[in-house]
Amino acid sequence: MKLYIYIIRRLLLLIPVIIGVTLITFYLSHININLLITEYEGKIHTYAQYLKIRKELHLDGPIYVQYFYYLGALFTGNWGFVSPGDIDPGTPVVVEFMKRFPPTAELALIATLIILALGIPLGVLSAVRKDRIPDHLTRLGAMAAVSMPTFWLGLLVLIMLAPTSPIPHWLTLYGNGQLNWSVYGLTSAGTPAPFYVTGGLSRPTGFLLIDTLYYGDIAAFLNALWYVFWPALVVALTTFGVIIRFMRSSMLENLGQDYIRTARSKGVPEQFVIKKHARRNALGSTTTVLGLIFASLLAGVVVTETVFNWPGMGRWLYEAAYNNDMVSVMATTFVFTLIIVAANLIVDVMYSYLDPRVRLE
Amino acid sequence: MEEALVVKNLKTQFFIYDGVVKALEDVTFTLNKGEVLGIVGETGCGKSVTAFSIMRLIPDPPGRIISGQIRMGNYDLMRGIDQEAEIILKKRPKIKHHNNVIKKNEHFYNKIRGRYISMIFQEPMAALNPVYTVEDQIIESIYLHSMTKILKVIKSASEHLPDLKSFRESGEIGAEFNDEVGTELSKIKNLKKGKDSVEKHLDMLIDEATKFSEKKEKYEELLKHSIEIDDLEEKLLGEVGEQERDSIISVLTKEAKKTKLNRLTKKLKKKNPDPIVSEARREALALLESVNIPNAFQILKNYPHELSGGMLQRVVIAIALSNDPQILIADEPTTALDVTIQAQILELLRDLKKNRGTSIILITHDLGVIAEMADRVVVMYAGNVVETAPSLELYHNPKHPYTIGLLQSIPRVDDPTKKLNIIRGTVPNLITPPAGCRFNPRCQFAFDRCLVEVPPTIETSEGHTVACHLFTGKEVR
Amino acid sequence: MTTQTVGTPLSRALKKRLESTKRSFYFLTRSPLATIGLAVVIAYVLIAIVGPEIIGGNPLMMKQYYLFQGHSIVFNPLPPFKYSQFPLGTTFGGYSIYEGIVKGARNDLILASAVVISGALIGVVLGSIAGYKGGVLGEAIMRVTDIFLSLPTIVIALAFLTVLGRYENVMIGALIIIWWPTYTRVVRGQVLTVREQKYVEASVAAGSSSLRTVIKHIIPNSIYPIFVQMSLDYGNVILTLAALFFLGFTFAGPGFAEWGNIISAASNSAYAGAALYNYPWTITIPGLVILLFVLSLNLFGDGLRDVLDPRMRR
Amino acid sequence: MSEILLKAIGVRKYFPIKGGISGRTLGYVHAVDDVNLTIYKGETVGVVGESGCGKTTLGRVILDLIEPTTGALFYKPDEASVNQLEGLYTELTANGARELKKEEKKILGTTKDNIYKSRSKRKDFRSRVQIVFQDPVSSLDPRMLIKDVIAEPIRINGVPKEDGTNDGTGARVRLRGEVANKYVLDIVTEMGLNEDHLYRFPHEFSGGQRQRIAIARAIAVKPEFIVLDEPTSALDVSVQAQILSLLKNLQKKYNVTYMFITHNLAVIRAVSNRVIVMYLGKIVEEALTDELFEFPIHPYTQALISAIPIPDPTFKRQRLVLSGDVPSPANPPSGCRFHTRCRFAKEICSTEEPKLKEIRAGHIVACHFAEEILKTETSSSGIKKTRETAK
């Protein structure tokens, strides 16, 4: 099968998944009607008004009609407004989303990079030195990392890098470990932040790292990198154990295969037996768990953003949930789910690229 | 007759939880030049362990060659094995795999494997890496051992460029040259695969030669370097002092790193490959054609899962032949295949022996295959060689009770009236093998001496040796 | 078999079984870490059972320490090892960390057990159906499983807690919804391999009914990976629970004895200033308690997998 | 010949190949295609062919372990109904109905006594037949004691009441407690195992012993018919000889009928009375064993026989090495399925499918050129003849 046919096939398989996901979010958002109409608070005084608003929101029809309107609103970008009690009350959810998405994407991508850069070599090392000291250390370390509560590790990092900590001042994270929100231009108020110098400039992409480079401010870029790195590291550390474990076991399995013996019988030096023959095959099967890892990574992102006060979707979700802002909660839930679905798609395509047998089926 | 390989007192053991599996105990045999030596026996008798020990492919842990000698011509292949064994016995069960001595031996052996001794395996489906194309896996082997040859062919092709072009026009190979490209051309001619194939080869040669001329100096330099390395390897295999050996190995280690085999895959995907890749690919093509693969040029690009078992076994054989080895070890090459495909593969092996003069060790449990293929036969039982004889002699005058029992327990398609004779019991557990002769619990002739004394190997007639107390004669060892 | 003539065949067989059990045990102890893990887990379970009874008081809530400064009540943290009544000190809000840990062990273990056991049960039932029967029903089950697998864990839990309210049942329910698909998938995978085994076909050939085949052959042969999965998941459930409590989605007030809740109490006030740095024990100690428990579970689960995976034995 | 034990008519088994974007059925693997088969009481029928020829699937279909796509199966049928059905079937196929036809399905499907359709017949059938598999590792449940492995079919089906009778008329009884234990012990003793073995798990046995246990499980319910699916392929020759002789003794003692599926022609020659050769889901040749080995007619059979390595270095013969691989059963060649590898192939072979015809007494072949081959070729490809000329 050609690769593109495989991708098309995989895309078509997404449709039922997305329908299923919308069904779940629809169920959640419509089970508690009162929450749905909280944004009309203050406008409702009589029962007649209540009925009117219920009609406006199409909540009086049969369930499938409600679902239909829900889907319509979902795909036309009419996602409602951020509730009072949040940071920016009254903003359309879509606008809020445009602001919140880049920070989360930045964090998640850097965390993914750290995971891959650490996890794969360590997994290979662990397998090649099976049952020897490097293996034991790697496995124990990875296992300890995944056993840590994400928020706890985050707090420890914050304590370590707080301005009151005895480390050199330029290493600390600004403002008691909290990234200043103005860096992201999300609030008008706030103390001066590293990037504040360029304040008043527009944010072309919303990505901290890209924007600083856009304005050619290397110092700000390095500073931003420092800020992104720590939460990303926390997310990565609490997630990458799975990839080490999987890489290790799949390396071991591959090293026991007959074709490894064939390679050795050709006189292939041991380092290439590992680099070329075993690792490539192990990478193929390890990609299958990347989707799962990404899902747990996003869960870590929600917690980490809250701890580090990172102005992304995770923090938004936390605040919205805390304030019973159901509209924002459902929006973020839906988007997070879509991200995971998309990540699974990418992983499958990667897998079929790495292992030609998959395309055959 | 000249000896290609001498195996003496080979002893291999596996160290597992339940104890030490004495898989090979004192295995001795010789392989003569240009003959097919059959090794036959049942599961667990140590046939494959013997092959893997010769190739030093015993999975470690848990397995280890404990002692023994293997000589290939003048080369001592077991150099350093005593040193290794010493370390192992001391540190068991926690041997350091990356111990320097072991590592050095590994480097030394990588020069032997695939170059002088090659191996083909039982399961062709599993023997090839599923994520690399067929050509990738053949070229890998050529790259490792035949770099000098590749460069020489390209160089001489560039010298004969006008001739090659005129051959290309006529579509036929005419005059013969006395250098590398001449040999290659006569090889192509001998393949007799038709005009298309000849043109394909010539196209590739012309392409390489042109590119060579463009960057002549660079490739001349490479060739010089490659010859130097070859000389070093040659030296390493011969008798060298400890210190010199270490220095050669360290040079070769660096050299091995430079091959960058993991980049080969990318190079092969390029539209316009460099002449080295192109020549290697041409040789891979010639190899596939020589093992009678139809549409060889397309097959080069295929992945293993796209080919049938018979085809894959041919590819595996092509890989094994890629550096024209002196010895080929075939470990149950047809067991996983259907009878009609088995017939094809056996015919191919027969041609190979005839045309290339390769010495073959054929390992199988099928006495029928042995009868068709082998010149001499080694019968193994429970890690021991129990009988060695020329094929005809063995089938018509078997001596050892095990051989006799084995021959009588095969249903004969040519003689259905023959009654099947049963050897009672099963192959013993090799952790606690029976004392004395290991066959004694199953032997119908066993007497008290068999239970305590390991039988010596006795030569009963010219070239026929047997390890059994029932016979008397000249003790060979 | 001439050497073994003592006792009846059955007693000889039992002796052999004992050997084999010893062997399994050997494989477990070959990894000392797994053994330590098991020991620690057992210790936690004992604490969860006995601990709250010894301490007394409300087994669900932590004791609170406060003082009057003038007319107002102040909840200052107490350092550890200073007052015998609060051996590990207190958090902001004056909650006894020691009580939180001991009583929290019981609360956490009960909550996590409810989630993991129900998830595994659902998984075994649905996975066996999807794997053995296959067909349209099996396909449908797997599609639904796939959809639930793509829901992000904490996110969906937060959504449930928002929409349905912050109740214990909602939290457990949300976590079950997060975890059942994994089990369904694992069980189905196992059943699919076991189903292809010849002994299943032999049983069918002997006239055995589907139900009998599933109960006698399929489930016994595919159940072990579930135990491994459960032991590994247990830790993850604990972590997720702690995270939810840390985020403030408690269903029983700030004094509820739960490991994440202790850290929550500590860190909320920490946002106020440099307090976090000044009172590090308020988050370090409960965090270490979680870490130790989850790590032990993971070590044990890993060892268990090695023992049960015949490929690892040689 | 003696009484008919089993009769299969028009059996086909097509496995769907799922794929494409929607996972719809793209085609079918023609594992067994239009097979008619008669098995007589007390005989051993050998079924031989290369991997992918459908022999294993045929064994499963004959035992009703997988549902066939079409076909009818009769157990000890009365002659009249079989004749009627065969008549109907010939009529249908004579009309060129090679493809699956609804009508055919209807006629074969609704016939009474057809085991594939009748629930009660099926249950009775299951208690009278057994199977032994190739792979001794996976054929025994690793978590069951040998005692329970052997007792399982007894618990489900019971055993015939009168000891040793095997005519299928006796009522079956379920054994319990001590009696059952004693019964199981008797069976294993007969297989050359002892009481100690009963309380062990399968992984504690060697391949040969496991195969004995599998045979014990099959023989425990005193079946009338056993399908042996490559029972010795995974075993060493010395153990193979043990198992073959055990099977022979059991057949004598219990008067059981065997269908022996294998790719090993030497084994077939040693054990069977009659041989069926299959190629890509079709029967290509069928004859008594000696007849087949001495006068193979179908070019495929000839090649197969000539490819058997014979353990005698003096044995020289003309070798017929087939070119190419077995085509994929998902996309079998048109006409005669063997024509892509056949040395006699002419144009007609690729267009018209040859029917099975009786060429010599009891010797059925599906080849357009069977008569001609018989006239010219037999002397060079039969085993015995070559042997004589070689000497």
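Order as written gives the chain letters A, B, C and D; numbering starts at 1 within each chain.
The criterion applied here is as follows: a contact is a pair of C-beta atoms (placed from the backbone, for glycine too) under 8 Å apart; a residue touches a chain by one contact, two chains touch by 3 or more.
Here the structure is a predicted model, which is why all the values come from computation and not from measurement.
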Count the C-beta pairs in contact for A-C and for C-D, then report the pair with the higher count. A-C
If every chain is reduced to the average of its C-alpha atoms, which one ends up farthest from chain A? D
Centre-of-Cα separation between chain C and chain A, whole angstrom: 24
Where the centres are mean C-alpha positions, what is the separation of chain A from chain B, in Å? 52
Set of chain B residues in contact with two or more other chains: none
Complex contacts: residues of chain B adjacent to chain D: 42-43, 308, 310-311, 338-344, 346-347, 365-372, 391-392, 395-396, 405-407, 409-416, 420-424, 426-427
Quick check on the complex: what are the chain C residues that touch chain D? 1, 4, 9-10, 12-14, 16, 197-199, 201-208, 212, 216-217, 220-221
Sites on chain A touched by chain C in the complex: 16-17, 20-21, 24-25, 28-29, 31-32, 35, 139-140, 143-144, 146-152, 155-156, 158-159, 162-165, 176-178, 245, 253, 292, 295-296, 298-299, 302-303, 306-307, 317-318, 320-322, 324-326, 329-330, 332-333, 336-337, 340-341, 344
Give the list of chain D residues in touch with chain C in this complex. 63, 65, 123, 126-127, 129-131, 133-135, 138-143, 145, 149, 152-153, 156-157, 194-196, 198-200, 204, 214, 217, 221
What part of chain B is in contact with chain A in the complex they form? 55, 57, 59, 96-97, 106-107, 109-115, 118-119, 121, 123, 126-132, 137, 140-141, 144-145, 253, 256-257, 259, 261-262, 264-265, 303, 305-306, 316, 319-320
